[in-house]
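Next come two complexes built around chain A: one with chain B, the other with chain C.
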Partner chain A sequence: MNVEITGARIFLRLPFGILITETQVNMWIIMLVIALLCKWLTHNLKIKPAGKRQVVAEYLVTMANNFVVTNMGKSFKSFAPFIGALFTLSLLCSLSGLFGLYPPTADLNTTLGFATVTFVLIMYYKLKTNGLKGYLKGLAEPIPVLAPFNIIGEFSTPISMAIRMFGNISTGVVISTLVYAALAWLSSVVLQWLPGALASIPILQLGLPAILSIYFDLFSSVLQSFIFCMLTVLYIAQEAKSE
Partner chain B sequence: MPETLEFLSVNIWSVLMAIGNLLILFLIVKKFLFKPVNDILEKRAEEVDHIYSDAEQMRSEAKANKNIYEEKLKNVKTETDLMIKAATERAENRSEEIIKEATLEAENRKRKAEADILLAKKKAVDDIKDNIVEMVIDLAQQVVEKEINEDVHENLIDDAIEKLGERV
Partner chain C sequence: MEKAIIMAACALGAGISMFGGIGPGIGEGYAVGKACEAIGRQPETKGDVTTTMLMGCAVAETTGLYSLIIAMLLIFVAPGLFIGKL
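== the complex of A and B ==
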């Protein structure tokens, strides 16, 4: 019995080492779904709410606005669409595993990309608040010898964020793959007395994977997306406020 | 077996693509969800503000009107009081006048009646006088059984009656 755990399937190899993989394609599908959903939610908006659709749209936007304003302050309200996009994209990417797609967030490249955007934003606000000189001086504190550790610390933030999300989502993929394989093996062992093709039906695969999926796909996806957004928001707010 | 990535692999283009996807989705979400909804929320807030300020304005207007009307009502009351007072006064004057006139008229009539009575009395007296004269003359004729010259004796009798009349 061979169980192989691999990354995303490669569909196309373009020049310069550009790869079009399941990750990219699934992400585009999800982006399209989100775009259509936005379009559908917001068409024909009225000042007096005219239906549940508008209530849902307003609820989502208000929630994102409130989340950003509570955690970052009023001056960061323009961040709400970014945080909203980050949350929906990472959430739907993780949840896409439920529909049998390869979750793009189970690909380290994706989470590294998200974390890089957060990192750039954090750096931007750090430099804006302290100035380049102040920032460089800050790296040499409390004593210049610690500067390398401070630099590592700077990069550890996005890397830990990327690996946290990647780890949690890909763990779901790995564990469900392993559980499926194990249950298939168990079925074939337990049911080998059945005649003919009946023995090859992995009947034990019913049930347990669904329960595991509730944790690894649903709960973990929501939690990780929330943590990612929360950390992004808090790091940026912290850098923007620190004098 | 289709070609797959290693479970853990880093490809700089894939990272860049993820960044690009995130930024594109940010623009999509901003343009198609946040902008219209925020616009509509803002418009609604504006409208609510408008409604509130309108209501406030109407309330103050109503209050002002109420004061004006109350003032007017008060004025009306004093005016009616004045009018009633004037009317009563006028009516009183008029009634007094009427009574005075009536009294005057009554007096006039009384006076006239008295005059009439006097006249009637006088006339009655005169009539009686004449009758008596005739009667006396008749009587005298019968008594003396001869014609009396009326012209001769009339004055005599008249004097007598006059004296009689004065006594009456």
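== the complex of A and C ==
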């Protein structure tokens, strides 16, 4: 039996080493879906909600606002669109595995991109509250010998956030590929007494992969997106408040 | 011959590095047990406790995921890297 576990496939090689991979193409599809969804949810709004569509849109916006206000405080309400966008994008990226697409978040580049945005925001708020001098002084605490460890600690935040999401989603991809291959092999062994093409139908692939998919695709995706947003919110709020 | 040794070493290394999964397993089990105790004592705080527990579990998972990354690098990247140099 052959098991093929690959990363994102490369579709096109542009000059200067720019690659158009499956990740990017799937990301474009998801961006298009989100844009169309937003357009559909928000067109033709009325002061008194007419249909279910506007109620859903208002509920989503209220949820994002509440999430940010309860975790960061009232002064950060302007963060709600960013957090909402981050959550929607990462959730739909992970859930695209359900439709047979290669989830873009199973590529370390995507999650590192998300984490870099968070890292820049954290650094901005750190420098804003402490000032450059205070920030550099903070690196040499409690004793100057520990400065290298503090610097590593600064960079470990985005790396651990990126690896957490990438690890969870890509594990799902790898394990479901392995389970599919193993079940195909098992059913070909069990059914080999059947004549002709009937034996090559992988009938055992029914059932078990669906249960695994509920955990790896649904539960893991929602949880990881939620945790990514929660950590972003908590880190930023912590840096902005620590005077 | 050298190829076989390199492949075997990569596979063994990947397996050994996944021992790192033991730590998060124990830690998360402990956290979930404590959360169950807390919910048993105060059932009305179920929502908050569950959210905090899932957060803590996901953060505690990080060390296990680091070892997973090492294992994946050893399986998918390292053999090509080392065999190419022979």
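Note that in this section the second predicted complex is superposed on the first by the 243 of 243 C-alpha atoms of A that agree within 3 Å, B and C clash if a C-alpha of one lies under 4 Å from a C-alpha of the other, contacts with A are read in each partner's own complex, and residues count from 1 in each chain.
Everything that follows uses one rule, which is that a contact is a pair of C-beta atoms (placed from the backbone, for glycine too) under 8 Å apart; a residue touches a chain by one contact, two chains touch by 3 or more.
Predicted, not measured: the structure shown is a model, and the values here were computed from it.
With chain A as the common reference, the superposed partners chain B and chain C fit together side by side. When the two structures are aligned on the shared chain, A:M31 is found in touch with chain B, with no touch to chain C.
When the two structures are aligned on the shared chain, A:V55 is found in touch with neither chain B nor chain C. After superposing the two complexes on chain A, the angle subtended at the C-alpha centre of chain A by the centres of chain B and chain C comes to 130 degrees, rounded to the nearest 10.
Of the two partner chains placed around the shared chain by superposition, chain B and chain C are both touched by A:I5.
Between chain B and chain C, B contacts the larger number of chain A residues. In the superposition on chain A, A:A147 contacts neither chain B nor chain C. Here the smallest spacing between CA atoms of chain B and those of chain C, following superposition, is 7 Å.
Once the two complexes are overlaid on chain A, the chain A residues touched by chain B in the first and by chain C in the second are 5, 7, 170. On the chain A side of its complex with chain C, the touching residues are 5, 7, 160, 163-164, 167-168, 170-171, 174, 223-224, 226-227, 230-231. By the touch criterion stated above, chain B contacts chain A in their complex at residues 2-19, 21-26, 28-30, 32-34, 36-38, 40-41, 43-44, 47. Per the touch definition, chain A reaches chain B in the complex via residues 5-10, 16-19, 21, 23-24, 27-28, 31, 34-35, 38-39, 41-42, 45-47, 54, 57-58, 60-62, 64-65, 80-82, 84-86, 88-89, 104, 107-114, 116-117, 170. Residues of chain C that touch chain A in their complex: 54-55, 58-59, 61-62, 65-66, 68-69, 72, 76.
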